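There are two complexes below, and they share subunit A, which is joined by subunit B in the first and by subunit C in the second.
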Partner chain A sequence: MKLIKAIVRPNKVDDVKEALGRVSLSGMTVTEVRGHGKQKGHTAIYRGKEYDVSLLPKMEIEVVVPDELVDDAVAAIIQAARTGEIGDGRVFVIPVEQSYRIRTGERSDL
Partner chain B sequence: MNVTVLALLGAAGQIDLAKLDQRLTAAQSSADNAWMLVSAALVLMMTGPGLALFYGGLVRQKNTLAIMMQSFALMALITVMWGLVGYSLCFGEGTPIIGGFGHVLLRGVGVDPNADYAGTIPQLTFMVYQLMFAIITPALITGATAERMTFSGTVVFMALWSLFVYAPLAHMVWGKGGLLNATLGGRFPTLDFAGGTVVHISSGVSALVCSLYLGKRTGYPKEPMPPHSLVLSFIGACLLWVGWFGFNAGSALASNGLATSAFVATHFAAAAATIGWLAAEWVTRGRPSALGAISGAVAGLVAITPASGFVTPLPAMLIGLAAGVGCFLMVTFIKGRFGYDDALDAFGVHGAGGTIGALLTGVFATRVVNPVFHDPQGRPLPVGWLDGNLSQIGYQIVGIAMAWILALVGSIVLLKITDLVVGLRATEEQEIEGLDLTEHGEEAYNLEM
Partner chain C sequence: MSTSIVGVETAREELSAAAAHGQGGRAALQRFSDSIDDLLKRLFADAPAATSSLIVALGGYGRRQLCLQSDVDVLLLFDGPIGPAEEGRVRAILHPLWDLRFSVGHQIRQMDDFAELEIDNPEFLLALLDARAVAGDAALLDRIAARVSTPAAHARILDALKRLIGERHARFNDTFYQLEPDIKDAPGALRDLWAARTIAAMTDPALLDRGPTDSPRLGDAEEFLLRLRSILHLEHKRNNNVLSHEIQERAAERMGYTGAPRQQVERLMGDYFRHARAVSRSLRWVRQNAPVPVAANLVQSRDGVRFVDADRARTHPERWLSLFQAALDAGTSVADESLTWIQQRVDRYRPEEFFPTSAEQTALLMFLRPRAGLYERLSEMHDCGLLGQMFPEFQAIFCRVVRDFYHKYTVDEHTLLTIRGLERLATRAVKGRERFSTLLNDLAHPELLVLSLLFHDVGKWRDEHHADESVRMAMEMMERVQMPEESRALVEFLIRHHTKMSLLAFRRDTEDPEIVRQLADLVGIEERLKMLCLLTLVDIEAVSPGTLTPWREELLWRLYVDTYNRLTLEYADERIEHDESGLQALVAGRPDDVTDAEIARFAEGMPRRYLRLFPYVEIYRHVRLSRDIRPDDVHANLERKDSLWELTVVTLDKPFLFSNICGALSSFSMDIARGHAMTNPNGLVLDVFQFTDQERFLELNATGKDQLLTILDAVISGATAVTERLRAREQSVLHRRRPGVTSTPPVIHADNQSSRRYTILDLVADNALGLLHRVSRVISQHGCDVDLVLISTEGQKAIDVFHITKAGTKLSDAAIAGLTTDLHHMLEA
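On to the complex of A and B.
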């Protein structure tokens, strides 16, 4: 069981969601985040005063998947979120030890 | 209706001429009063919500309520003071420098007109209309003190400022027998139709003094302090533009051709100034900004204020253009060079724009629009420089100089007094946490869940 954490462009969330659906993954958590990697920010000017806007808005998508689906899921995300330009984002894969369903209290390792 | 026909009818005994005359006067009075009440409401709208939104959007999120609250508090405070003593000090009979106490507690101010100022509307209407000017003027200064002056300091300073800077200046320029009054026996007839000196130079120059006295905001200019919502500022600026019709066209004090002329001049100046600021920005910075557009409009409205009732549309556009470009240079290049922290550019827009406007009023004012000066036979005399009256430039400079000096000296003294009595500057922790929470115990936005 793995946690896939993908930081993508805000306008790519729907594409990623659709792609994950195609590899039969439905549950996910999406968070608005700000950050930067290699992508430089841009400059905002207010009445002649310049500010560097270095932290850019991104979306973070979290999905927990069974080990055997990890490769498909990662490939689906990368394909859906890529534009080929700097700033497309990152995908991280992190091991998950246990998982519980709150409604029933039972342990449910996907 | 034709006068001879009326006279014939009158002679025939069919119409009582005196009664007809009375009815005509009453009709004119009703029309004038309707327009002036609307104008008074429009000018109040400039402070709240206009200026409150304009400034509210320009500050950082943590200071939004604090700056809006200052405008609103002034709406209440100046109103009460105006009723007690303010109106009397501005418009009561007095010396050339300041009005007397004849109208204290609004004594003698009722539905009868005051023929010296506005002969067709109740003096109460005139009084409440002028009150709205007295409210917005100190509120403009809060743009310079934003994000670091305490609420108590603001209230005390503005109350004193209204009595010791605004009242004398308003009396000198607009009060009967005032030193700078152009139509009611002033020694130096300064043309100021709607408040270029009284409102904008006075507040703008005081704003500069305040920003120098208070010092820079903690972190300025290293830390980024971008406007938290230009959407709010945008709405505020649009309300200011509309409200300004009451400010300038209302200053005709009647619903007449002069009001229309001032309305048109105001609108054309704002449009030209918007284009001026944007063009200057586009050329020097590569992009035209929304903040530039609304700042330009306000700069044009400021500059046309003294001229609005004296100039035709073309000069109005030239004045607007000059203010748009001039104020852009002021806030973009000159402010940066001197390094003072006029947080929201109250001096850069109102001080600079007001001065440009007051000076150009002397250039472009014409008797075609407003025959303010007469020879003993009642024939109109030239008004501005291009109209053939070069000396008016000199009088405008005297008026501008008086406004600058009074605002400079008055503000320094009153800031010192306020500083000693209640203090002026928020602590560094207050500034970092934001004045909304530390001064008012509230936050502007509670959007998380």
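On to the complex of A and C.
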């Protein structure tokens, strides 16, 4: 069981969601985040004044998947979120030790 | 006339006889007053002819309560200058009165005297409240009454009345328990009674009956006091109103009190104090509870603003909006009483009846300017049914429920909440949103944004394509209220595209220049971009409390900034081509006196935004101004536009041109707020400046416009040195920086990347007289040509964008460095 954490462009969330659905993954958590990777943002100018836009708005998608679906899920995310330009984002895969369903308290293996 | 004189003498004798028996009350005094009326009518009829005139009864005579020894207060009013004929008429009226031993308090005035109210003569203003036309042209009095019947005049009169009451009471040590009371002036006596009635009449006629002494009870007090006063005039044989110890016994007897003389006096004085207490309490109540007049037929009291005269309100539904405007102005609510009154009647009126003329349309737009309280007032209008009756389109979404995952409120409330969001931006009530507040403050017509918000979702009464339906319904409304064409186009644009910016900001890649280009093409000019951005912000915020996150705000802001930069920095490269669709539309709609060739010669090669910036009717005027223009010719037009003046100049380009035009305006202390300067490839220059006339030069001088245009011509032709004219102005004490006013360091940013043709100078500095002139002069001194300029202000900051070239090309880095250094030196000096 793995946690896939993907940082993507805000406008790509719907595409990623659709792509994950196609590999039979429907549950996910989406969070509005700001940050930068290699893209590092840039300095914008408004009315003659520079202002820092180094922290760029991104969306973070978290999805927990069975080990056997990890590769499909990562591939689906990458294909859906890619534009080929700097700033497309990152995908992290993190091991998950245990999972519990809050409603019933029972342990769940997805 | 002798009959009338006999009539007066008879009436005087009858009043004396009535007074002797304690019967000189209201009815007797009225009969006496009427006899004077008859005499004056006769004297007026017999007097020599003169200009239209009127005899007006004032004070106690005006109230028909003339006592035996009272002054006969009259105003002789003439509708024109007073010459020998009028003086003859005055003598023919006044001399017989003096012969009859009347003490006459007379004033002789011509109507022009009332052009300005005599605020330093409150006694006269008060006397006018009891004015009554006796003989002559009564319309003259109606004209004066119209001038006195304004909220401002009423407020002054009330202030004066309250001050006079205070001074009078002080003379009696502020108590009505006087052993020898003055029946006219003492606290609780006749003047207090009249004052209570006057205050109630001017503010709320029903006020007296809600107080501790109702009208019949006050009537009893008045009758008692008038009878006593008649006795005093009879006994004293002069205008003396003091009920002295020696008079009290005789007065008690005449009033019919029984018992021993001492008992009679005690009963008399007991009754007097009872009446005086009632009058005193009534006056105190009225003074404490009288509402304040705030507009015609409107007063403000503790429960809010309400109508004074409901009958008047009933016949004038077009004035109902003023009720809410007055509440907005006063920072209070509309009284429940008036809201209920409207609710019970509003469905009797058709929408057109609320906006019969352009004055009501103007009032509507004034009302919709975003400010504290607008949401509350609109909600009141909605709750009492007025909003829906004025705008049936809005009624269509009354309590409309649209089920989706996001919206938490009914469509009507969502709509009103968007306006609350805008109101909070206007008042800078939301921390962290100052950048959006600044955009709102920049808008020339924020009321049109509110109007757009009010109608942006009315199409949701049906389930699909709500934006198109909202546009259709809004257009119907704007046709009904006769909105100007330009405003209609803007509102239509905002409603039609109200979801566009949200779609681009949150569903598209805003890093993609193509997305920014799309939005820039859609909006065309900065004003529309700002409005659409604000509309989007408050529309999202009003969906539910958590919808507008800081993250979304940031995305929206970045899209705004990128689009703004594209509009202001990159527009110069996009020129109007011969086959431009906008140009073809301009040609197709041309008036007969403008030819295709003229339009093409003028507009081709101008920045494409020119077609978005001005309505076609304005562009045709520009074309006309460009006719037959030769070097050194200046074709200009100066006119008032709302609160600003607008100067349009068409001329041929030359060095220092822009600097000189700005200098000429500043030399008249004109504060340039907005403007555009454009040049076409033929060297034809169009400069449009909107400015405020700080010293009211144009307003106060009949030839002011001509003077300004003459100086402009002289400055551009080089006949007059503008720097000299301006220096004197700049040294004026009116324009010195005041101590304690902080200045912000100027910002100058040079951009050689955004445009293919131009170096762009972005300049932000404290606004000051002659700033544009000085900046552009430095630019010209560096041998640069000013081809395009955008001028704007944000509060006290001037924000200007210059597109410049040197010898037809962009500036080198060295040239930019030299220019910006000199600009910094000049701005910081």
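Operating definition for what follows: the second predicted complex is superposed on the first by the 107 of 110 C-alpha atoms of A that agree within 3 Å, B and C clash if a C-alpha of one lies under 4 Å from a C-alpha of the other, contacts with A are read in each partner's own complex, and residues count from 1 in each chain.
Everything below uses one rule, namely that a contact is a pair of C-beta atoms (placed from the backbone, for glycine too) under 8 Å apart; a residue touches a chain by one contact, two chains touch by 3 or more.
Since the model is a prediction, treat every value here as computed from it, not as a measurement.
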{"item": "Which superposed partner A:R103 touches (first subunit B, second subunit C, both, neither)", "value": "neither"}
{"item": "First (subunit B), second (subunit C), both or neither touched by A:P57", "value": "second"}
{"item": "Per-residue contact with subunit A, leading partner among subunit C and subunit B", "value": "C"}
{"item": "Which of subunit B and subunit C A:P10 touches, first, second, both or neither", "value": "second"}
{"item": "First (subunit B), second (subunit C), both or neither touched by A:R34", "value": "second"}
{"item": "Partner chain(s) touched by A:T83 [first = subunit B, second = subunit C, both, neither]", "value": "second"}
{"item": "Intersection of the subunit A residues that touch subunit B with those that touch subunit C", "value": "44-49"}
{"item": "Sites on subunit C touched by subunit A in the complex", "value": "506-511, 549, 551-552, 554-555, 558, 561-562, 564-565, 747-749, 751, 762-764, 794, 799"}
{"item": "Subunit A contact footprint on subunit B (complex, rising order)", "value": "221, 224, 226-227, 285, 287, 289, 291-292, 295, 328, 331-333, 335-336, 345"}
{"item": "Residues of subunit A that touch subunit C when the two form their complex", "value": "9-12, 14, 32-34, 44-50, 53, 57, 83, 85, 87"}
{"item": "Subunit A residues within the subunit B interface of the complex", "value": "44-49, 51-52"}
